[in-house]
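As structure tokens, here come the structures.
What follows is a pair of complexes built around subunit A, which joins subunit B in one and subunit C in the other.
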Partner chain A sequence: MNKEKQDHVLNYLNKNVRYDGRKKDEYRKITVETGIAATAEGSAKVTIGETVVLAGVKFEVGAPYPDQLDKGTMMVNAELLPMSNPRFESGPPNIESIELARVVDRGIRESNAIDYKKLCIKEGELVWTVIVDITPLNADGNLFDASALAVLLAIKDAKMPKLKDNKIDYKSKTDQKVPMLEEPISVTVLKIGNHYIVDPVSDEEDVLDARLTVALTKDNTICALQKGGEQPLSEKEIEEMVDLAVRKSKELRGYLR
Partner chain B sequence: MDKTNLKINDKDVVVPGEILAEGMDYLPSQGTYRKDNHVIASMLGLARIEGKVIKIIPLSGNYLPKRGDVIVGKVADINFSGWSVETNSAYAAMLSMKDATSDYIRRGEDLTKYFNIGDYIVTKIYNVTSQNLIDLTMKGPGLRKLTTGRIMKVASPKVPRIIGKQGSMVSMIKKATNCNIIVGQNGVVWIKGLNPEDELITVETIKKIEDESHVSGLTGIIQKFLESKGRKAVLETVTEETTGEA
Partner chain C sequence: MVYKKRLDGRKFDELREIEAKVGVIQNATGSAYFRIGKTVAYAAVYGPRELYPRFMQDPKKGLLRCNYNMLPFSGSGERVRPGPSRRSREISLVTDKALLPVVDLEQFPNSVVDVFIELPQTDAGSRCAGICAASMALADAGIIMKDLVGAVSAGVVDGQVVLDLNYDEEAYEEGDVADIPVAYIPSLDKFSLLQMDGKVKKEDLVKALEMAKKGAMHIIEVQKKALKSKFEVSRK
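Showing the complex of A and B:
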């Protein structure tokens, strides 16, 4: 890590200013759009400052997993394109994109956001699979929160296609939505020095000491956590970061409409 | 010259394929070409008519390394003969040991004490080979390693507007914000101020120049902008506006 850059960012934070002039607990301007891709059953675009993330939902039918014969499944995949940030390289998924996909997946899965039982078509034989793809169009920090929000909006936006002789007819959509039980919101809190910040820009992410992604349900139950960065976190620090996440999640929940 | 053959006005925004002039009265230059009897635009940008020559100043685009340019580069790697440097262009740049310092460097010495990976340097392009390999040098006034400060990137076609005529724009910002600013021709800008507030105003100002670089009377707009931020902005050199290079 570049020590000089970290000192410079810390110098800003010590004076209570972020690297782009914001407050420490302030998000950049967020805009959301749904139903933007005609070829996907559901889609959403989330813009946080300069960061733009696209999420798309497709459906498949297939055999269920042997340990949950009466449940459908979900798959989340993320691809970090070089066009979104020159730091990313094309090729097989790297550790960053796998982490992004898994953290978003865990937030949705562990909050029981989707009613998988209702995605069962014929027990033990045929179930729906919800396939979610995350594509950042521009990556200027905070891909976790942007992706989690985009994925949730895309799943909510999705209309299931028609089933004909146990095969999907992608050309005709039904009015049926994905059965939802919960709406998890992810907030990532960064620790740089002894400061906690939300919604980091790339420059701040480059110098982080630790980060904690907190996924919260409607009643503020923590349903998933992901810790990143090289520095450890104490119990007290985690509590403070979760408190901040809970406070900011209310703001983000407003974008679900 | 018969003006009727001209299909556009000076400083018009033109798109690729647009006919700029008919007949043989005008000559195509940068960003334009001749097809049959027409001069046609090949890129998006501002058309400039200079006598009989029509050229286009691009609105955006990547940096193309040119001999003699002073750039801000980032050290990407250290190898046997020196440092390789990222120049914000498509081509690789090399800073060899003999061009980096006049110190005697022993065999097997730790090169990171001169420049480490991730360091930013102000450096000059002293040669661009036919294969577009870039040779850099640190020998020259003001060429050095940059310590602390922050880096921002702008589109390289906007660099002349940020510098201004004879450096008028950048020196105005420097005076108004108390910041030290180095604008590399490759669009990498280094800013160092006494406090974050000064640096943020500088970043904001440079972003504004980048956004409004095609507007005429830009120096005046920036002067007002700086004053609206409570800064004293004085323009010292000639005030006449040009859209061309500084």
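Showing the complex of A and C:
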């Protein structure tokens, strides 16, 4: 870890301010836009400060999982494009992109956001798969929250294509939306020294002690967690971080319209 | 010849609507957005930066390294599987060659200029859109260039020479289709990209090149306007 950078970030936090002038619990400016890729069945662009993330939905049909014969499926994939940050390199998905995809996936999956039973076409034979791809255009921190929001918005934006002879006719979209039961919101809280912050920029992520991503349903039930960072967390710390996540999730929920 | 009216109502030598912006990706040294019709390309330039592995470094000149990539949801049909394909690698190669004549590699020995082209949405003409975005992104990055590069495809649809084919025209089934993507460098009056698939008579090829040249000249004017407007805003 870069000691100078850590001192720099901490010096400011000790004065209760971030070095970009924000409060510790303050998000950067958020904008959301849907329908940004006409070739996708659903798509969204989320901007948090300088971080820009695109998410796009494509559908496939295929055989169900053997243990869920009457349910459709979902897959989340993330590509940390070298376009979006000089540190990202071309090549097969690295561990950062796998973690990002899996954490976003877990929030959607475990909250039962999608009604998978309604994505069954013929029990035991044919079901829909919803595939969501996360592609940051510019990565400057907090890809977790930006991606989770973009993925949910893209799924909500999606219109199912037509099915013809058990194959997808991508040319004709229907008016049918992906059947949804829940709308999970992800908030990532960072611990740096004795401070908790939300919506980190890259420089703050570089010096974090611990990170906790909390996915929450509409009634504030926790539906997924992911701890990151090298330092362990106490019970009290976890409680405080979850409290902050719950408080901030209300604000983020406003962007779902 | 039966192709008397274009499927989307354009004139035979008419480009689709174009939108161009620079400075759209903050982390990059230079960047651009280029939309032509329903085809959208982003380009980000990083560098000149140190080239690894070191044995690739050349003390006499730098390296231009282009990477073309369709985002998984950018095709109107099935999801495009992420990662390089034979197609995307070939397009990266010809993109490189399309831009090389205008970039002075001797200005950055031992270094690399990386150009990343990403397409969130495509409707034919994506390699040309990518080259246009890259041309602007290189200029935005302050890379010393001899000229801008304008790229567009021309072609022959059922005997009629047309400019800037969209997907429906490329897939036209009632007659032969030739698709000829080109990149044009005005100051040299030369083409740095030339590919073709389909069938075309020599006379039609010449006509198509002439038409593409005019299209590319127009595109370069749009590129220049976008580059200038970035600095006009900051003057206010």
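Criterion: the second predicted complex is superposed on the first by the 257 of 257 C-alpha atoms of A that agree within 3 Å, B and C clash if a C-alpha of one lies under 4 Å from a C-alpha of the other, contacts with A are read in each partner's own complex, and residues count from 1 in each chain.
Following the convention adopted for this analysis, a contact is a pair of C-beta atoms (placed from the backbone, for glycine too) under 8 Å apart; a residue touches a chain by one contact, two chains touch by 3 or more.
The structure presented is a predicted model; accordingly, all values stated were derived computationally and were not measured.
Participant: Aligned on subunit A, subunit B and subunit C: do they clash or fit?
Facilitator: clash
Participant: By residue count, is subunit A touched more by subunit B or by subunit C?
Facilitator: In the superposed model, C touches more residues of subunit A.
Participant: Give one of first, second, both or neither to describe whether A:7 is in contact with subunit B, with subunit C, with both, or with none.
Facilitator: first
Participant: A:17 in the overlay: touching subunit B, subunit C, both, or neither? Say first, second, both or neither.
Facilitator: Touch status of A:17: first partner only.
Participant: Answer with first, second, both or neither: which of subunit B and subunit C does A:164 touch in the superposed model?
Facilitator: neither
Participant: Determine, under the contact definition given at the top, whether A:131 touches first (subunit B), second (subunit C), both, or neither.
Facilitator: second
Participant: Output check: A:82 vs subunit B and subunit C. Expected answer is one of first, second, both, neither. What do you get?
Facilitator: second
Participant: On the A-aligned overlay, A:57 touches which partner chain: subunit B = first, subunit C = second, or both, or neither?
Facilitator: second
Participant: Go through the superposed model and pick first if A:43 touches only subunit B, second if only subunit C, both, or neither.
Facilitator: A:43 contacts subunit C only, not subunit B.
Participant: Can you name the residues of subunit C that touch subunit A in the complex?
Facilitator: For subunit C paired with subunit A, touching residues are 24-28, 38, 40, 42, 44, 46, 49, 67, 69, 71-79, 82-84, 114, 116, 118, 120-123.
Participant: Quick one: which bits of subunit A touch subunit B in the complex? Just the residue numbers, please.
Facilitator: Those in contact with subunit B are residues 2, 4-5, 7-8, 11-12, 15, 17, 19-21, 203.
Participant: Within the complex, which stretch of subunit B touches subunit A?
Facilitator: Of all residues in subunit B, those touching subunit A are 118, 147-150, 195-197, 200, 203-204.
Participant: Using the touch rule from the top, collect the residues of subunit A that touch subunit C in their complex.
Facilitator: Those in contact with subunit C are residues 36-41, 43, 50, 52, 54, 56-58, 60, 77, 79, 81-86, 90, 92-93, 131, 133, 135, 137-140, 168, 170-171.
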